[in-house]
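Letters are used for the chains, namely A, B, C and D, taken in the order the chains are written, and counting of residues starts over at 1 for each.
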Amino acid sequence: MKVLLASGKSAGKRYIDAVDWRLQEKIPEPVRDEKVEEIHPKILKDESIELVFSALPGSIAGDIELELASAGFFVFSNASAHRMDPDVPLLVADINPDHLALVAHQRKSRPGYIVTNPNCTVTGFITGLKPLDVEFGINDVVMTSYQALSGAGYPGVPSLDIVGNIIPYIPGEEEKVESECKKILGRISESSIEPSSVNVIASCARVPVRDGHLESVLVRPKSDASLEEILKAFYLYKSKKSEKLPSAPEKPIIVTEEKDRPQPLFDIYSGSPKRAKGMSITVGRIKKIGDQIRFFLLVHNTIRGAAGCTIMNAELAKLEGFL
Amino acid sequence: MKVLLASGKSAGKRYIDAVDWRLQEKIPEPVRDEKVEEIHPKILKDESIELVFSALPGSIAGDIELELASAGFFVFSNASAHRMDPDVPLLVADINPDHLALVAHQRKSRPGYIVTNPNCTVTGFITGLKPLDVEFGINDVVMTSYQALSGAGYPGVPSLDIVGNIIPYIPGEEEKVESECKKILGRISESSIEPSSVNVIASCARVPVRDGHLESVLVRPKSDASLEEILKAFYLYKSKKSEKLPSAPEKPIIVTEEKDRPQPLFDIYSGSPKRAKGMSITVGRIKKIGDQIRFFLLVHNTIRGAAGCTIMNAELAKLEGFL
Amino acid sequence: MKVLLASGKSAGKRYIDAVDWRLQEKIPEPVRDEKVEEIHPKILKDESIELVFSALPGSIAGDIELELASAGFFVFSNASAHRMDPDVPLLVADINPDHLALVAHQRKSRPGYIVTNPNCTVTGFITGLKPLDVEFGINDVVMTSYQALSGAGYPGVPSLDIVGNIIPYIPGEEEKVESECKKILGRISESSIEPSSVNVIASCARVPVRDGHLESVLVRPKSDASLEEILKAFYLYKSKKSEKLPSAPEKPIIVTEEKDRPQPLFDIYSGSPKRAKGMSITVGRIKKIGDQIRFFLLVHNTIRGAAGCTIMNAELAKLEGFL
Amino acid sequence: MKVLLASGKSAGKRYIDAVDWRLQEKIPEPVRDEKVEEIHPKILKDESIELVFSALPGSIAGDIELELASAGFFVFSNASAHRMDPDVPLLVADINPDHLALVAHQRKSRPGYIVTNPNCTVTGFITGLKPLDVEFGINDVVMTSYQALSGAGYPGVPSLDIVGNIIPYIPGEEEKVESECKKILGRISESSIEPSSVNVIASCARVPVRDGHLESVLVRPKSDASLEEILKAFYLYKSKKSEKLPSAPEKPIIVTEEKDRPQPLFDIYSGSPKRAKGMSITVGRIKKIGDQIRFFLLVHNTIRGAAGCTIMNAELAKLEGFL
């Protein structure tokens, strides 16, 4: 069984009336006319539900998600409220799958648990960093972003602010990139994550593009790497469990050697069409400059960067026996 | 006296028919209907002309500018052909005015001379770096750009390539940023410029904005600087000779402390309206991160970044007695 | 003396904090830091003010403007609330100046009066129709619009709705075009306006352009007109009193014979720079098709189409002795 | 067997090197690396080919298509060169299928034949007009367009001309709309088409949208029609042979009753996903105004408006035994 839940404002409406549907794909028929209920653990109990996906606004997610976990539900959340909680995994299933083990620790203090996925910018960023961190270690990273409008939600950015313009500021974003990145690259101990020592400097800007965060990245690795080794690290990176996760891409990273790619308009859906569209990042313009590694990466911010990642995380939990 | 010159393709046409005028301001009446002549030293001689402004395409500028200098003309060029010639100043009059002295060396081998100004991205970039270089010295700089459409000329970027998109590649741009920057920050000797030892890493992208190159900059200074000292360096930077150059801005750098600025749409004309509009850069989001300095800067790429700089350079030459 | 008034939400703030300033021009220094007061007739009395400019939201303008007029103030309003009131002039000072006389009738029932100006789309539209109506009479008009983002106010249209898109619907707009147009072209009687018999069909769409409403217009005149006569009507149209109104343009209509103009980006400020910028419309692509007249017109929707018109109307009232 | 042909400029290249691929979908693998040959009847003979699809530039299509038809090939062309030839069908297979019969007449004078499809704007327009013409007859139509960038080909419109702008002029477009429309609605005689007497007035503009021509349409029908009858005409329109044409949509017209649709961004692929995507137009904002009918329609200009129509026409020829 499944139910659609929302805050009181939307409760009682049909799904199509409660959402501002702004995708080119039509709203899926099976949920289009379904009634939205007000969030309450009791409703979930009545429906014999165990698994909850949360895309609540940050302001209310904190309390509700805790309440749900305390009531015994397994919460997979795209909200930022609990990302930095010590015992909550900040998970990208094909990047740091071992962090999921934290939920066992959570369950010592409550019957359910919370699993979060990172900010949309971070999900792409960390996917590009992971193979380099595995192969060479990373001392420093400088990241500058070109972030799409859909990352701000709806109604989000007023058109008068962004048509023909760039806004070099996204509230709270640079701080999230820095802290979430260190947690995801960190090492799991019994009850928490020891953050990575990597230095991250992020500069974030909004651009007039619908979907797809583009990021310029400069990495100073711990051990020296030849261009050939770098390319190999990107080309071969693969999560062992991907094949068993229906929403995981065959390869989290698609490498393009075209000189002017990746581009949001043409590359957000790159990757194998056999698996979920929009779940791979694209890396291009890879160059060794001195002892540093420069590249651009592109992530579909609302698929791999949000809902797709939440689902893939739940699939991993299922595979690992936590669901 | 003055004449308008062009290649054979445009010769004989009225100015308005020879150009693709794409500015919001109307074409100036005094030149609108003037006839364009084919470039040839003889025409300039006949008209008793000494000073030549060149905005020729790179492919033909090389030979023609040399020919003109050899025929005794003083050439101020926005073209890239001679920027890296050892005895040609790569000049931004309110940044490295001492480099103009190279023209004296040029005149030992030919009666005229060539003065160039940098690439539009570099002109903004170097203006932001100069105060930091003067006050603290610079070891490393990482720059990532958001470059406007007008930087590519006309017809330039096809709309199908860029509407709703970002192109993370501009042919030759990153190389120009790196080499031109080192020359401008370099030290003049008798006959050439000893390039600065600064390490520059540039990543350049095209964005769907008409005018105004935005740049994210990260500087590692040689000596440590407090945020207060950094702000002071930006606020107080001023060229001694600016007041005597009609096209120079009162302050080459306008500092904004608003959290989401500079933005191309609103800040390309910042600076005192008493002097030439579009001749100051705007610097904002200044932050100290570890021992590094992060900021965004914005330059009007076709004014300070191109024609305005060429004219300001000629004004300096006049002031210094080279005209 | 002058005061800035607003609803309770903004009262007490500095002007710069109360507005969402979104113009390329900086906020004028004289009002930037001035305190905004809550609207109340008493404040105006205390300050010995007679003239009130209103740009209130439609929802509250109705009551407040009436209250002010009843308290003896002369209200010039850009709001829609009273536009269709029988004794309120719907005025464009250089198009239907005789309609101003209605204020004398208003003053029979209250000490002050209200003068409104039309919707931004209508102000441009009616300016293009007027010379044809004067010279040939008009039976039918079909108008299709391409309306700019600033016409929707701020925050207005979400960027996700309009970047790379067209929205063929603007709430209430087509109805306003039809009714306001008939009133402005109507004949004044002692106490009201007898609407014109012209048939107007309007189809309105929002486009991703910042400023400048473009309108495609097809007119069926009452008496036949040659192309030469049509052009002459447009070229020669002039309001007799314009010269005495500081904000009125020399010519309300600029005719362009370039085949691909007017264009919002290049023509919103066309007209003589000696008088107020943005106060003329531009008409182009004029063609006779059968017995009909086709043309495109462009109006700066926030200048002639809004604030500029309100001010010009007050200037006319001053000239006519109503202020 | 199949071959890819082009002018001498592209001959010898791989397909991927000969085209400027600018679609979000990747270039199809089966043709990606295939070699492009120079157009010549002999090559086609060698390959035992009968059917030729032509998307040649207008300037060269005229001669080559005639040459091919004279050599016995069956040419289905998206080029404009022969659209108005008396004995060449200007065909939209689910709108005027009976016009195909003209090819029999063509074959009296040459072994092959030419079938053309209309301009992309017309294909959408005529689809919206057809049901009204069938049910009520049409006296007059006024059409104003909002045309997408892809309609101009590649490189097409320079970004500096159209970002944040509207261009109210497309060379030759309004004339094509008027003449092609009359031919398609015309009546076939033995050897030619007697054009419809409908009066068409078209005003065409380019907008900064990638794909999807939006058109505002006003129809004056011959016999009066109630809104209910109009809606019924749109809803029920269907071509009898559609089911047998693999590329024809189930319904050429999708009616939307949402108040702000159709919109290019969201509706270009509307229609049944079982059949070819992008082959239906969407009609919305249908309104009766006096005795006229107003609506907006949207057509995917490169699918139904171009290549998709060419293919559907060939499918009809096959069905009718002409292939």
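We take it that a contact is a pair of C-beta atoms (placed from the backbone, for glycine too) under 8 Å apart; a residue touches a chain by one contact, two chains touch by 3 or more.
Only a predicted model underlies this, so the values are computations on that prediction, with no experimental measurement involved.
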item	value
Recurring contact interface, reference A-C, options A-B, B-C or B-D [over half identical by residue number]	B-D
Computed distance of Cα centres, chain D from chain C, in Å	41
Separation of chain A from chain D, taking each centre as the mean of its C-alpha atoms, in whole Å	43
Rounded Å distance between chain B and chain D, as computed from the means of their C-alpha atoms	48
Multi-partner residues of chain D (each touching 2 or more other chains)	163-164, 208-210, 265-266
Chain contact graph, described as a line, ring, star, complete graph or other shape	complete
Residues of chain D touching chain C in the complex	142, 144, 146, 164-169, 199, 201, 203, 205, 207-210, 214, 216, 218, 259-266, 284-285, 289-290, 292, 294, 296
Touching residues (chain side chain D, partner chain A) in the complex	24, 163-164, 265-266, 269
Chain C residues within the chain A interface of the complex	22, 149-150, 154-164, 208-210
